[in-house]
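Chains here go by letter, A, B, C and D, matching the order in which they are written, and residues are numbered from 1 within each.
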Amino acid sequence: MPMMKAAVFVEPGRIVLEDKPIPDVGPLDALIRITTTTICGTDIHILKGEYPVAHGLTIGHEPVGVIEKLGSAVQGYTEGQRVIAGAITPSGWSNACLCGCSSQDGAGTRHGFRPLGGWRFGNTIDGSQAEYLLVPDAMTNLAPVPDGLSDEQVLMCPDIMSTGLSGAERANIRIGDTVAVFAQGPIGLCATAGAKLSGATTVIGVDRLPNRLEMARRMGADHVVDASRCDPVEEIMRLTEGRGVDVAIEALGTQATFEACLRVLRPGGTLSSLGVYSTDLTIPLGAFAAGLGDHQIVTTLCPGGKERMRRLMAVIESGRVDLGPMVTHRFKLDDIEKAYDLFGHQRDGVLKVALTP
Amino acid sequence: MPMMKAAVFVEPGRIVLEDKPIPDVGPLDALIRITTTTICGTDIHILKGEYPVAHGLTIGHEPVGVIEKLGSAVQGYTEGQRVIAGAITPSGWSNACLCGCSSQDGAGTRHGFRPLGGWRFGNTIDGSQAEYLLVPDAMTNLAPVPDGLSDEQVLMCPDIMSTGLSGAERANIRIGDTVAVFAQGPIGLCATAGAKLSGATTVIGVDRLPNRLEMARRMGADHVVDASRCDPVEEIMRLTEGRGVDVAIEALGTQATFEACLRVLRPGGTLSSLGVYSTDLTIPLGAFAAGLGDHQIVTTLCPGGKERMRRLMAVIESGRVDLGPMVTHRFKLDDIEKAYDLFGHQRDGVLKVALTP
Amino acid sequence: MPMMKAAVFVEPGRIVLEDKPIPDVGPLDALIRITTTTICGTDIHILKGEYPVAHGLTIGHEPVGVIEKLGSAVQGYTEGQRVIAGAITPSGWSNACLCGCSSQDGAGTRHGFRPLGGWRFGNTIDGSQAEYLLVPDAMTNLAPVPDGLSDEQVLMCPDIMSTGLSGAERANIRIGDTVAVFAQGPIGLCATAGAKLSGATTVIGVDRLPNRLEMARRMGADHVVDASRCDPVEEIMRLTEGRGVDVAIEALGTQATFEACLRVLRPGGTLSSLGVYSTDLTIPLGAFAAGLGDHQIVTTLCPGGKERMRRLMAVIESGRVDLGPMVTHRFKLDDIEKAYDLFGHQRDGVLKVALTP
Amino acid sequence: MPMMKAAVFVEPGRIVLEDKPIPDVGPLDALIRITTTTICGTDIHILKGEYPVAHGLTIGHEPVGVIEKLGSAVQGYTEGQRVIAGAITPSGWSNACLCGCSSQDGAGTRHGFRPLGGWRFGNTIDGSQAEYLLVPDAMTNLAPVPDGLSDEQVLMCPDIMSTGLSGAERANIRIGDTVAVFAQGPIGLCATAGAKLSGATTVIGVDRLPNRLEMARRMGADHVVDASRCDPVEEIMRLTEGRGVDVAIEALGTQATFEACLRVLRPGGTLSSLGVYSTDLTIPLGAFAAGLGDHQIVTTLCPGGKERMRRLMAVIESGRVDLGPMVTHRFKLDDIEKAYDLFGHQRDGVLKVALTP
């Protein structure tokens, strides 16, 4: 039985590199040889035991690789092709998918919906921090990488970029809008880029770290607000001359940022929430205009599927957005435990790491 | 100075009928002789002092009447014409109006937005519980009543019907959707009617009062749930065989109903909120899928303006919806204090009262 | 090799019942034993040689049946289950599907789009006018029939109802809209029902046949216009007091009706086109306001997939729409040639026939 | 009676500078002293007699100026303020405006809709090629110019930029779309900028003039196609590797470009039409997939109103789009006849002229 190395969740606090069998390929699957992958903030939640997954599961949901083997029923691809797959791998055939809600895919369940059901890699099936990855529903999920793009250029597409941009897309930004993005970690930075890409003409990035605020400017922020030095709500109201913003994007997952988003919204504005929360949330009565402010609150789980990946790579290819500078550190897969240590403790100004087997 | 009778807020607990001067008519105004009006739940909040208005203000925001006098710059109407105006009277020219958000009209303010700014009658200017009413921005707001419709048939258009239907419209109901409506007071009943009118094929009405549940069936509910006899969340999950609803409409304004809406939503579903809340709200982490459920929460303040009124009267005229049965009691304006007493205490199965000067 | 009867296109003018092998079942397929099917106007185009298909192809795309055999990779169904499948059978995994455009499915082609590519039954693969039907991508397409619904009640779902309703849905009908539907054949009748179901409050049905106009009233038309007795454009302008309609639905496929739709549209209105045209179309300059009228023209090919079918059956189950009266004639499959003769010549007031093997 | 100079339509072929009285200011009007204005392609149609206007009318619909005098009922502005107004001046209070269709404003007409009714300057009332301009419904239409912007920087906002960008906006461009823009005159160039601003990642500009193609690149075109050297349909199909475009924008107003748009559209794509046509249009059956291609054709008349102007100036202010280079020539108002001569004959590579009284 051929073996491979894989980063496996052993118990809270321990993700280790182990030997595992290379998986068998079912009729609809594809086996990918990973050439580059990365670690996500969600993986840190798993590491800490805050988000439970099965012991022994391979972690990771951001694959770049080469097709090693195609399932017997898979058509339209060739072995040796460079591909990516989204962090979310919808089946394509669930009622959720056919209803335009593929991230909540519940393929095979009674109604076809399951909360977060589209997230399988490193959650309900083995993930991408390994030498090989089995991609389910391959025809729905494998997206060929254009020749001119490097692994690192497309490394953000599967999750960070798809999630971040969706924060802007779901808010129906109109040309001329003012948008505030709370938190400029990797997802917030992509939300900032997405707001600009969608026609916002004033984009305000908020964070507490100077290097992230600087990166926010590179991603398209017209203004940056250092929340360690001022009250960001007051500062945004000042910048908008009291008007408030048309759209506020939450990209951290805390009560404080969620609430700040509501407080800077103009009447009729939209709060687009990307963060993963860990507590109940409170909506302040006043900021919510007692329910009469014509507000919208929308939440989004990373959109997946090959068409989504194709579009994101087209953005990269066009040069509209350059996420290259977000890869701040590089490791061999063999050193993944060091990479977790660095990334988990947010040392050395890390934004994203690239891992290569 | 010609005088008229008007129901005036004196102090918390006291709305009384007083004599006031008939107002002067500015160039853009119209003076309406009220033929029928009504009392709204919001007026009860004012009566109780829960919602502050100026002492001496005439209350009421649901006018049916006849044009008595037109401002010098008003064109397109004739004196003697039967008309209604919405509870919300947008200017037409604020940035909010031009941005598609006319209920948050801030005409004359710096940015053109003001929370709830479109609500003027019985809030920031004298209202409709009087013999005469001055309608501002008359050309934006006066809607002629078709000949075949009685005062009582159109009495709900200015507020109740506009608000209730908007709960369904803002949720983007699709043909085949399942919709739950929490609370079947006048607005909830109109939301029920609106859900059916928008193509929902399973409409579930929730309330605790048998007469309201019966009325819910008349308005289009396919199922009714008596929340005094069962847990409505459990019952709705049973009715939907565990799937949950596509859309949940909140029409009461309490934490309990807001939260129940979230708990019955399928992933990707929409909570459309119409209620006026009086406390901060809590979003339970689980029902919100930690922010990853692709949910939408939308709030709506009653849409106004003459085109909205025209459309609502077209609904009535078409026979699609019959709100006649919602008028359960009738009073002369002279007896308005009795009407407040009955309506405020929700006695005798009252849904809506008709008041005629 | 087990054999079955099937209606086969032999050459222009000849569709005959022949013996064919019952097809083999691939891993993603399902074999359905047909219990009821029907003939569509499109089949008549095929019969006449106006729409080319391969010689020897089994015709028909409106199946109701029972699962006889499931492919090895198909999950979530059981043999013996009653099901329908749409006329359009999207793969679920093409770029077109993942882009929300599944009727133009080009699964397996380079870009994933192909005009009309989702239409496979009786077009590019064997169809439903047979004892057995092989359904491709079964998990995307098989929709279980609720227990309470008869074959005839769901017989319109695969094509006529899906197409007709989509004419209303794609036009974004708003509550209070006025809608004209040109031609009240089966699809036009469903468009009429769809307009009412979507919140239109004045629905105007146009045709030249009294029985179709009568059926239009049953389907929800508030007014009917007999185009054999008056100029329908003039009559609709009269009915709308010169305003024109918000939405005009074309359900015949001729220059005359396409043009009439434009002529009755108000500025800013939408022409929703369902017809299959056989000539170039002319847009009259005046009716198009020289391109400056803020008009929309949208075309729609029948939406398919199991979620669509589920929703349409929910409409039937709710009693909102009753298409039962549209089945005017019944035949055994053995008599399909007679059925083609009747339906092709539109004799005896035929709307739709039910065929049972 | 104080007099001013104004460019007046005398008869086909003759627009001349004449003395006219400075207009009186009604209660809702504002009088603007023009500081900069320009000539539009539409004015050339008027000059040639192709578009009829009243003899003696002042031409022009693109005003930049200073408030000279406010009507008695106008609030929220001060005399001396720098402002622009859109080419389209909606009332704000017609049913069309309240229905979201303000360019088709029919204020004062029976139904509130009139084709092109929002276009008043230089069409139904005196226009901007004069020393003074009377702006109707001033509170709906006057937009203050931010301090940092010059007259020339905002000169395109009233018409060219509003129209061009709307071609992209109305097409609902998604991130990752491919868009072709046919013709790179001033409006086409703004449509190119709008496509980029809306998230398109491949923008293809088509024209026959090298200087316009060069300008197209500056405005955001990723590819340019010289239609004088190749068949643009073939070239676009080559560039898209046979896929076609998601959106095609027509910015010339001819059968050839309209048809080319359809021929390069992928199934399900959108043709967004901005051109002013002068003949009936033909839709080729094949390019239209016989009506079954899920295509959309949308037409747009320049959006107006002060909120629109505010947003466009925000785009300029953000630096996202720089239309400065489109002003290729400058004239004094006294020399307007020379300017018409140059612009009408498209001499000397003219794109737009700036006229200053």
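Note that contacts are C-beta pairs under 8 Å (C-beta built on N, C-alpha and C of every residue); 3 or more make two chains touch, one makes a residue touch a chain.
Given the structure is predicted, the values throughout are model-derived calculations rather than measurements.
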The chain pair with the larger count of contacting C-beta pairs, comparing C-D against A-C, is C-D
Validating interface symmetry: for the copies chain A and chain B, is the fraction of residue numbers used by both over half? Same or different.
same
Between the Cα centroids of chain A and chain C the separation in whole angstrom comes to 40
If you look at chain A, which of its residues touch at least two other chains?
99, 310
Of all residues in chain B, those that touch chain C in their complex
165, 169, 174-178, 194, 196-199, 201-202, 222, 310-312, 314-315, 317-318, 320
The residues of chain C that touch chain A in their complex are 26-28, 72-73, 75-76, 91-93, 95, 97-100, 102, 107-108, 112, 137, 139-140, 305-308, 310
Chain C residues touching chain D - in the complex, by the definition given at the top:
96, 99, 101, 103-104, 110-111, 113-117, 241-244, 253, 266-268, 273-285, 288-301
